[in-house]
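Several structures are given next for inspection.
In what comes next, chain A is part of two complexes: it sits with chain B in the first one and with chain C in the second one.
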Partner chain A sequence: MRTELIKRKIKKEFNGWWLISLIGAVVILLPILFIFSSLFLEPNENWMQIRQYLLKNYVTNTFILVAFTAIFTAILGVTLAWLVAAYDFPLKSFFRWALLLPLSIPTFIAAYTYRTMLGYTGVVQSTLRNHFNYQINPEWLSVSGIGGAVFIFTLFLFPYVYLITRAFLESQSTSYIESARLLGRKPVTVFLKVVLPLSRPAIVGGTVLVFYEVLGDYGVTSYLGIHTISTAIFQTWFGMYDVDSAMRFAAWLMIIIIGIFILERLLRQGRRYHLSNKSRPLVAVKLKGLAGVAAFIYCGVVFLIGFLIPFIQLITWAFMTFDKVWDATFFTLIYQTVYIAVISTGIILILSVVVANVSRSHSYLSVILSKCVTSGYSIPGPIIAIGVLAMFIYLDQWLAPLYSAFGLGEAPLILSLSIVMLIVGYFIRFMATGYNPVEVGFEKVGIRYMEASRMLGKNVTKTFFKVDLPLIKGSIISGFVLTFVEICKELPLALLLRPFNFDTLATKTYQYANDEQIYEASISSLLIIAISILSVIIIQLIGKRVK
Partner chain B sequence: MSIVEIEGLTFSYSFKEAPVIEDFSFSMKKGEVVGILGQSGSGKSTILRLIAGLEMPVKGNIKIAGKVVVSDNVFIHPEERGVGMVFQDYALFPHMSVRDNILFGLSHMPRSERKLRLDEMLELVQMGNFEKRYPHELSGGQQQRVALARALAPKPNVLLMDEPFSNLDADLKESIREELGIILKKANITCIMVTHDRNDVQAICDYSIVIGESNTNSIVNR
Partner chain C sequence: MSLSKLLKPLLVSAALVVGLAGCGAASDNEEGEAAKSKTTENQEVNIYTARHYEADDEIYKKFTEETGIKVNVVKGKAEELIERIKREGQSTAADLFVTVDGGVLAYAKQNNILQPVTSDVIDQNVPENLRDVDNNWIGLATRARIIAYSKDRVSPEELSTYEDLTSDKWKGKLLVRSSTSLYNQSLLASFIELNGEEQAEEWAQGIVNNFARQPDGGDRDQAKAIAAGTGDVAIMNTYYVGLLANSEDAEERKVADSIGVFFPNQETNGTHVNISGIGLTKHSKNKENAIKLIEYMTNVEAQEYLSSTNYEFPVNQNAAKPELLESWGDFKMQDLNFDTLGEHNKKAIEIFNKTGWK
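On to the complex of A and B.
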């Protein structure tokens, strides 16, 4: 009886949409399995040496980096979110969104900009020297080592915490905060006793995003010469051509990620308050006199250091090098970046729509499916890269008989030297970026229209094109824009998986910076930043129109 | 001949949960209007969804117009069952005009026939002047009439109506109920209607089934 029921269930649910979803899930999960399989192989000599002399150092560095960045981003993000959500002070409505802008500057660009700017020949020291005849100790200003990296990560990643916490405070905390105020508690007490504990899930959520960014970083750490597990993956791969050991590093990093994931759950456990559904916006208290000025200065300084100063610095450098850099090869660079981003984003969005449509049934299987396809977001780029590489090398070996049948030579590397590899990498990493808005779109629309359409004789596919697609168009566009921008900015995957002689804006920028051609890197940096800002504006506009 | 035959229908949301509907049997003839009465949560809407094919029973058979649509080893998709449904919230496609909503289920007909059927339906529900309007530009009663026209347009074997009056203001309800009764009779429609209000049944239905709280038994009272 039960087997027949299951058979019937399959008949009810299973269709082409499921099949495509399953294929997508397999492509996403296989590289991860490849990485874990490396733990069961006999370690080679390289790994023995790495483990004996280097591993401890790499792991410690990674931990210190992540821990300090997490603490500082949380402090910066939460205090700013609280100020903006609960108080009124000069230029507050400007800061409300302007404090998101640091996120538009990729951290590796911020790192080389600050390092150069604050360096001996940079604008700060030379101005002090030449105009004020003051020689500052270069040590004080140098952006280097773990301290420098924490500084950069904090300033340019805090918006994750700020954004999530602010959204939470603005929409869901009103009644509690107002009660606390009415009970006569002082603002500091309200913040410490009510705001902080209440918004813990939001703070943890934002900080975990920062964790993932830092763990997956290659640009900042390698530029500042810090050895982390992520940079080690690159070194063992490109320096020693030892894919096995690189995979072993990736597996270790993966275990840390899983640890963080469990930690996040633990930190949130028991903290799932039943929050009032009637969300009233929090009424901001006007800060008078000195307090208002202080709030203004705090937000202003963060905005200046986190966005305006590096941005202006990049613009001045861009003017200096414009004639040299802006030529035909630069257009090729833009074309290649847009080309690969559009293809990858297209694939991501198509699969997002298919999986999200399948997941509307909310069956166990479809929930697992949607978790699987979005799992790549929490996996750092270098891990995905090494997993994809291992999978493609295996695939090429497997297809070798076919290649030789087509006269392509004995055991050539066809797929693993092609652009397909990078597209698959992006696909795994950014699937969640495209999927989440689409899923939200489907949820808003509900299943009623779909059911009505099916009752009128249209099957799942026709229903999708005639009913669902027009209704979720806006969500698909936001998903597309978000994913497109992320791919344009992405560095580690592009560095590791691109074919020979293929550059994106991000890899070229990184190369310039690494070759100490800092000024030359400014134009491509500005382009990446411009794309990011533009996308934020587009999404805001879509959001307004939908309302 | 029975147009809808249900035998031993059992449904639960998961293997672990107790069934919402257990061993439910029922049959009705062509042209009858039947009410299903019951408290909220008694599973009466679920019966409609099972007939429609939007849910799948654990056990039992359903036959529509002599054809088995679900049994131990059969499952016919909703779009192939020839069943019309008016949802509680009407579910009119918000991005389509009244006209396009009604035409939606007619794509299998030749173009000329489609237009005829559309006009016929608009006249039946007296919405001829509103065909270019969009759902949000209509009142609740008007939306209901469009939903009815849309469900009837493809000539379903049976029409299912889920709490058709629950979204209407109380003072409107009576006149609309009367209107609906007239339309159903005029078009000679076989209809199953779910409601929690006995007055609905008395006004429109030929007879009704009461689903009790234990919902193991169904009582038929003519």
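On to the complex of A and C.
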């Protein structure tokens, strides 16, 4: 009886849209399964050595790094979001979007810029030394170790918390905050007793994004010489040439991440508030006198050190090295970066639309499906890389008879030496970035139009192209731009999965920085930042047009 | 009906995906075919290199101008390139593998991705001690891993050997980069070969005990830390001293001026060198061209160019050195079979882990 019911349900829902979604989910889940399979292998002697001398250190470093970054980004992000959402002060409307700009600077670029700038030969110390005859203790300013990494991550990742919390406060918190204000609560009390508890889901959501970024980071930690679980994956893979132990690290890191995921669910639950969707926007209170100046200074300082100062520093370095570094290969670099980003983003968006369309039924199956396809965002790049690589080598072995039938030689590596591998890596990692805006778009549109069209006899596919697609065009474009930026900035996947003769702006920048050629890295860094800023502007323009 | 219902969207997205990916596939094919037609004419040579220097590119360019043989370069990290040549197997496009550090070259040889090079020209250009014992790879340039010292606070008479750096007089004054650096791994591997495992471990422990600070940054950073007064002596590479001395940044040039270069172990078993080398891959398709390029890169002219722009010691003994390198004088280098660096690499990493050299 029950199976009969399920069968009927499957029959009713199953169509080509479902099939594509399922294939997408399988491509995303397979590499993860490959990683977990390593836990069942017999540990080798390298692993024993790692466990004896290093594991404790790696785990503590990772924990300290993640914990402190989370605390500081939450403080910075929430206070700024509250100021911008609830008050009016000089240049507020500028800061409202300018505080997002730190996100346009990839953290590893920020790390080497700050380290060099504040280092012994950097502009700060040399100015003090040469013009004021004052030698500051270089260790005080040194951007190094875990402290340095927390500084960099906090300054350049806080916009995740800021953006989500601000959006929440601006649109959904009005009635509670205004009631509290009317009842005569002081601003600090309003912030502590109303804003903080109310926006907990938003704060947790933003902080968790920061968590994932830090856990999966390779650029900053390897540059500053911090041993974390992520760098250990690289080191065991390429330093000890031991893929099995690297996979084992990856599996443990996955377990930590699943733990965080569950924790996030628990933290978000507990109390629930009834928030009306059609809440009025929050009216900003004008800050007078000293308070206004203080708010201005606070936002200004964060903007300066989180964006403007490193940006200007990079420009001066670019001028210094332009003649030496700039040549026609940069056009190839830009072309390759944009090329792979466009292809990957295109595939991601097509699948996002398909899955989101399927998920509109809100059946159990479709909810599971959408969770599966978006699960890649929480998995650090190095882990995805290793899983994808394992999967592709396996695929190549499996396809070997086919290859030789086509006369491609005995057991060649076709797929795992092609650009397909990197595209699949990006697909897994950034599916969520493209999917979420599309899903939101579908939710806003609702299902009325679709149902009307279906009722009038059009099938799913026709309805989609005639009715839904024009309605969610804006969401698709913003999903595209967001994903595009992320891919242009991405480092570890590109480093590990790119085919030969293939460099992106990010890998080129990393290569320079890794060869201790910091000044030479500035031009490719600026190009990445330019692409990011341009994309942010495009999104802003789309947002305005929709309004 | 149900079949078409199933297929339609599938076909639509498949067409889109193929369309998008098609642009990529097309250009790949073109490249592949172009490569094929060229190989029949023997007009190219493919290099996988972990040396990312403009000087190298310039030499490849000159080679093409003189011989008409096109040089295709693929850059990457040494370990990744080896891994890829291994995975590519017989179908590899690589003819030559180039990297810095004898340990990695030995590792490439161990992995059976190289083959012996026979050429009288090369044998004449490069002395035997700067080639692999089986000619699996040929040295291109060397850098000495020396002791840099503060000209203000240390007199060269106080310095003698690597071993002496573990003595108490350097407590809290010694700077060196992290053990994840291949340069340090090969240095320790050479000590394992020359002095035995036990002494090598004692040495590493002694160095850790004398750290002025936890290892931080690259070789340049150690020089800067001497200038800043964080420490007095540093183990570092001559190549970086050359780069600092010729930097675009006046502050970096000042740092180079403030440090002296000391070649350790001259009275005993010699100074450790990092050797850059070039090897012919086992499945090279353009062997003749590849050997021509090695011959070209080791000739006097190319060697002088490399040394003067990249501040490395030439392997060709007839090549003149730039002023800065000349000013350091001649030195005795460690006498060992580079294979041993590869053999002891794992042990070296284990000792670093054990002694807490981060």
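Everything below uses one rule, namely that the second predicted complex is superposed on the first by the 529 of 547 C-alpha atoms of A that agree within 3 Å, B and C clash if a C-alpha of one lies under 4 Å from a C-alpha of the other, contacts with A are read in each partner's own complex, and residues count from 1 in each chain.
Here is the rule we use: a contact is a pair of C-beta atoms (placed from the backbone, for glycine too) under 8 Å apart; a residue touches a chain by one contact, two chains touch by 3 or more.
Remember, predicted model here, so these are calculated numbers, not experimental data.
With both structures placed on the common chain, the touch criterion links A:Glu42 to neither chain B nor chain C. Look at A:Val354: by the touch rule set out above, it reaches chain C but stays clear of chain B. Set side by side, chain B and chain C differ in how many residues of chain A they touch, and the one touching more is C. Legend: residue contacts after superposition of the two complexes on their common chain; A:Ile20 is shown touching chain C, with no touch to chain B. Of the two partner chains placed by superposition, only chain B is touched by A:Leu456; chain C is not.
Of the two partner chains placed by the overlay, only chain C lies in contact with A:Gly346; chain B stays clear of it. In the superposed model, A:Pro470 makes contact with chain B only, not with chain C. Applying the stated touch rule to the two superposed structures, the overlap between the chain B and chain C interfaces on chain A comprises residues 459.
The touching residues of chain A, counted against chain B in their complex, run 1-2, 4-5, 7-9, 11-12, 448-449, 451-459, 466-467, 470-471. Across the complex, chain A is touched by residues 5-10, 12-13, 16-17, 20-21, 23-24, 28, 31, 48, 52, 54, 72, 74-75, 77, 79-80, 83-84, 87-91, 93, 178, 180, 213-221, 224-225, 227-230, 240, 243, 248-249, 251-252, 254-255, 346, 349-350, 353-354, 358 of chain C. On the chain B side of its complex with chain A, the touching residues are 15, 52-54, 56, 58-59, 70, 72-75, 77-80, 83-85, 87, 89, 91-95, 104-105, 107-108, 150-151, 154.
Contact residues of chain A toward chain C in the complex are 15-17, 19-20, 49, 53-54, 115, 119-122, 125-126, 135, 138-139, 142, 144-145, 225, 227, 235, 238-241, 320-321, 324, 339, 342-343, 346-347, 350-351, 354, 393, 409-413, 416-420, 423, 459-461, 464, 496, 500-501, 503, 511, 515-516, 519.
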